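Okay, here's the structure, questions in a sec.
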Amino acid sequence: MTPAAPTAPADDQRTIYERSQPGRRAFVAPALDVPARPLDELLPARLRRSAPARLPEVSEPELVRHYHRLSKRNFDLDTGFYPLGSCTMKHNPKLHERVAALPGNARLHPLQDERRAQGALELMWNLQEALGEIAGLPHVSLQPSAGSHGELAGVLLTRAYHEDRGEHRTKVLTPDTAHGTNPATVTMAGYEVVKVGTNADGGVDVDDLRAKADEQVACLMLTNPSTLGLFDPNIAEIAEIVHGVGATLYYDGANLNAIMGITRPGDMGFDIVHFNLHKSFTQPHGGGGPGAGPIAVSERIEPYLPRPQVIRREDDEGAAFLLDEERPKSIGKLRGFQGNYGVFVRSYAYIRSLGAEGLREASEVAVLNANYLLALLKRAGVAEYLPVAYDRLCMHEFVLSGAPMKRELGIRTLDLAKRLLDFGVHPPTVYFPLLVDEALLIEPTETETKETLERFAEIVAAILREAAEDPEIARNAPYSTPVRRLDEARAAKQPVIRQPL
Amino acid sequence: MSTYTSATDADRRAMLDAIGVASVEELFADVPAALRLGRPLALPAGMAEQEVYEHLKELAGRNVSCEDEISFLGAGMYDHYVPSLIDTLTSRSEFLTPYTPYQPEISQGGLQVMFEYQTAISELTGLPVSNASVYEGPSAVGAAAYLAKLTNGRPRVLASRGVHPHSRETLTTLARGYGQTVEEVPLRDGATDLEALTAALSDDVSAVVLQQPNFLGAVEDVAALTAAAKAVGAIVICACDPIPLGVLEPPGAQGVDIAVGEGQTLGNRLDFGGPSFGFFAAAQEHIRKLPGRIAGETVDVDGKRGFVLTLQTREQHIRREKATSNICTAQALNALAGVVYLGWLGRQGLVELGELLLQRTAYAREALCAIEGVEPLHEQPVVREFALRLPGVDVDAVVERLAAEGINAGYRLGRTYPEHADGLLVALTERRTRAQIDRFAEALAGALAAERGAAPAGVGA
Amino acid sequence: MADASYPDGLLYHPEHDWAQIDGETATFGITWFAQDALGEVVFFDPPQVGVQVTQGESYAEVESVKAVSDVIAPLSGEIVEVNADLADAPERINDDPYGEGWMVKVKLADAGEQQGLMDAAAYQAQLG
């Protein structure tokens, strides 16, 4: 069946290119205040553009109205509950936008002389110190741009560490519950992925790990708590096995929000940790970035950290902060300049707002909220359709299985997710982790109220009751959103990824 | 202390009762006692919002930003004016606070922005397909080389010495992981040496990496370099500064396979280096190997136009170890600023901005080279940045003298190009007026004279 | 989408692939079960003509919106033809998996390999 092709789009569906009219403009160029010279003298004609890029021609009011309207076709965290598992959709404090926008931050050039960027370097150094303390590891590089970039840094550090010792290892272990970024990163870093199984409690299958850990293994990449929201109590044994074969232990910090100030990856035996500053440390997600993915490492990994490192040097005139490019064993650069400084400002402001006590409280309440929501969803009317995948106390998130719901009520996890949209709630992460059939991964975060959690549980129960009456309602949901279910197959078969002009 | 939480003591009691435990402590029973921190984190105590603001303001106040001096510093990021409407739009919570658009029905705004952005990048570069952005410029170069490796599996990458040092170094770091070697192609009179490139090319070259304009500001003959590279079947990657593309032939029209670049100049702040965005556009044949997110147009069940993330099977959450890249987070908010900026400039504005830069840059190059003791480092055409030589003086000392007068003279090339220890790279944006250029020229002349008076010629060269 | 069917006269590989033998060549495709598990097919990435394929190993990829799957060769040989129509109409793999949804034709390397494949009844028994 081929759906009808869109003809003239309604006004609210038009793109900026469809609002363009020849001759309209927003920009006015500053006056030419130098003697005008013929263009041919400045740039030979063969190097010049012959036809302008067909950018839209619109006035400022049209431009503002267009994007303002588009914004209203988004759901956002400031509007409603967003329990998207493993994404830590906690409140983004508004102070952070103000301090990031201070001209001393926003208009600071990345190549400004270090002597004239001491405030920025001190901020970065302070953030490095704080993240190191939270991770329980002594050295931090702020450079990676996102979690996946931090992972790549971590695996490249592992490679550099082994090669420096004259060892050429070929494999990296990842649990079968891992985020897809883990195996993708392993391949990019030139290693082979070997999967480790999960035990009945949702932790690493230690026997399987022992069987697969050999001298060819460079690293084990792990998240603890895992993507199932469970803390693996065998972590000390796991670390012993991994270190026993000379491999490194890598911590995917996606789930750090559960443990700040309670336990530390470094104390668990991890060598390399990445942080997602856009998760635990409140950088707004921006509709899919920017983020930042700093890494913390142990002494033995430190020589290989990316260039440059922010260092503090004490002399007669006091402390000075420098960018150290002289790192002979460094893996090099992972990107330009020093990293996503604007993100550092926000995360640093967050850490200074909360302090030690506040960070611990944030993790405690994150875990309390998750367990409370789990308790509410374990009640009759929900639990028989959406049982918890691993029936234990959870950490900051938990996994339900929609398999009985699909069997008994004839609606899938996807249908439940789409029906939630009609209630003004963002659905949880769905179909992840892959290990759980019809999975829903729910992470409420610490910044939600008890009442919000209760309302969410009520909505889920109401949707299940409704489905028992008439499953078609959920199957065809949503109804109240700017568009309804979209034909993703059509988009993939004949990709239209730019406006034809 | 702010925590942004709302659990009162009464809430906690009720919640713990419902869970069936006596204390919050019990919720962490799975964490072995030996692994508990058992002490507060050694961090300063939390502060009230007012106090945090004062602290951050004090730190920011110790930076000398482009707000505080007349800056001719570029070398990859530039002090363009960011129009007010960008602040207004990017600070809307509907753009600022959502996650990646996994639920398209409630993410049409963000998805349509991506679609419009992809269109703008495609127009700018003259290439048919663009993704929804990657992290930033230099890592985009690395991502492009990885695409080349996935496509042809060849072992060597050739990068012009005119490519930004950060891009070359990032490329080398990443290539070591996926098993390619990176070799440098030298410059001749400031531009990539075509003869040296031709000599280095063979059928084991996976990709050739160029930059337009190059790091020394020179406009490269991309078409000629590309033709040479393609003769041996190499993939041509060109890192472009997007602003000069208003006046320069787009890479797609010159045969380039993949155009990438740093997007900061498109409506993003300097932010001491990030966050910004990287753009990534390619020839049609590479569509299924692009890294990162891509938005596509489709219809909903009622036949209404809509947008979704598409071609997702490329990505890590589906293809896992066989993914075309590990990139997960893009730079959606920064790309939004980019597309709004391009809409603000508009079809004519991008050209006018480019022409203004050409004129003022030519004026500045001439004015500075007229000073005794200043020579052009090369004679190539330039758009917005050019390289000078200050033979016989300590460039560092000259730059310091100008800084004392509130002028940032530019980038000392000796920091990354030892062969140009006396080099200075000077950048312009539309914010730098003729009056500022004149003041710079006067101050530079003064500084040079003072340096020559202060030290015998040859010192520091 | 057609109803479940497993025609007689084809040979089946346990990884849900079929082969139709025609003298020294065979036509390969995926079974009804495989296309149903995958959902609506949006892309078929074919091998090149002339490539050698090995029984039990992947020779192509087939994609739905949110899944990608290796296509396993039921027999070894050299690719002599690929179904070019699938480039524009990959949905044929769903609509007619044993007819218009065929994927490649292969010049067989080892007639003995056919012994290891199943008939329709045995394959259906494996599906349970």
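Per-chain numbering from 1; labels A, B and C assigned in written order.
We take it that a contact is a pair of C-beta atoms (placed from the backbone, for glycine too) under 8 Å apart; a residue touches a chain by one contact, two chains touch by 3 or more.
None of the values given here were measured: they were computed from a predicted structure.
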### Summary
Using C-alpha atoms only, the most centrally placed chain is A
### From subunit A, the most remote chain by mean C-alpha position
C
### Query
Out of A-B and A-C, which chain pair has the most contact pairs?
A-B
### Message
Using mean CA coordinates as chain centres, what's the gap between subunit B and subunit C in Å?
### Response
46
### Message
So the centre of each chain is just the mean of its C-alpha atoms; given that, what is the distance between subunit A and subunit B in Å?
### Response
20
### Task
Please work out the Cα centroid separation of subunit A and subunit C, and write it as a whole number of Å.
38
### Message
If a residue has to touch 2 or more other chains to count, which residues of subunit B qualify?
### Response
312-313, 318-319, 322
#### Entry: Multi-chain contact sites of subunit A, meaning residues that touch two or more partners
488, 492
### Query
What are the residues of subunit C that contact at least two other chains?
43, 63-66
## Note on the structure
subunit C residues touching subunit A in their complex are 40, 42-43, 63-66, 90-91
### Task
Would you tell me which residues of subunit A are touching subunit C in their complex?
431, 488-489, 492-493
## Note on the structure
Residue set of subunit B touching subunit C in the complex reads 288, 312-313, 318-319, 322
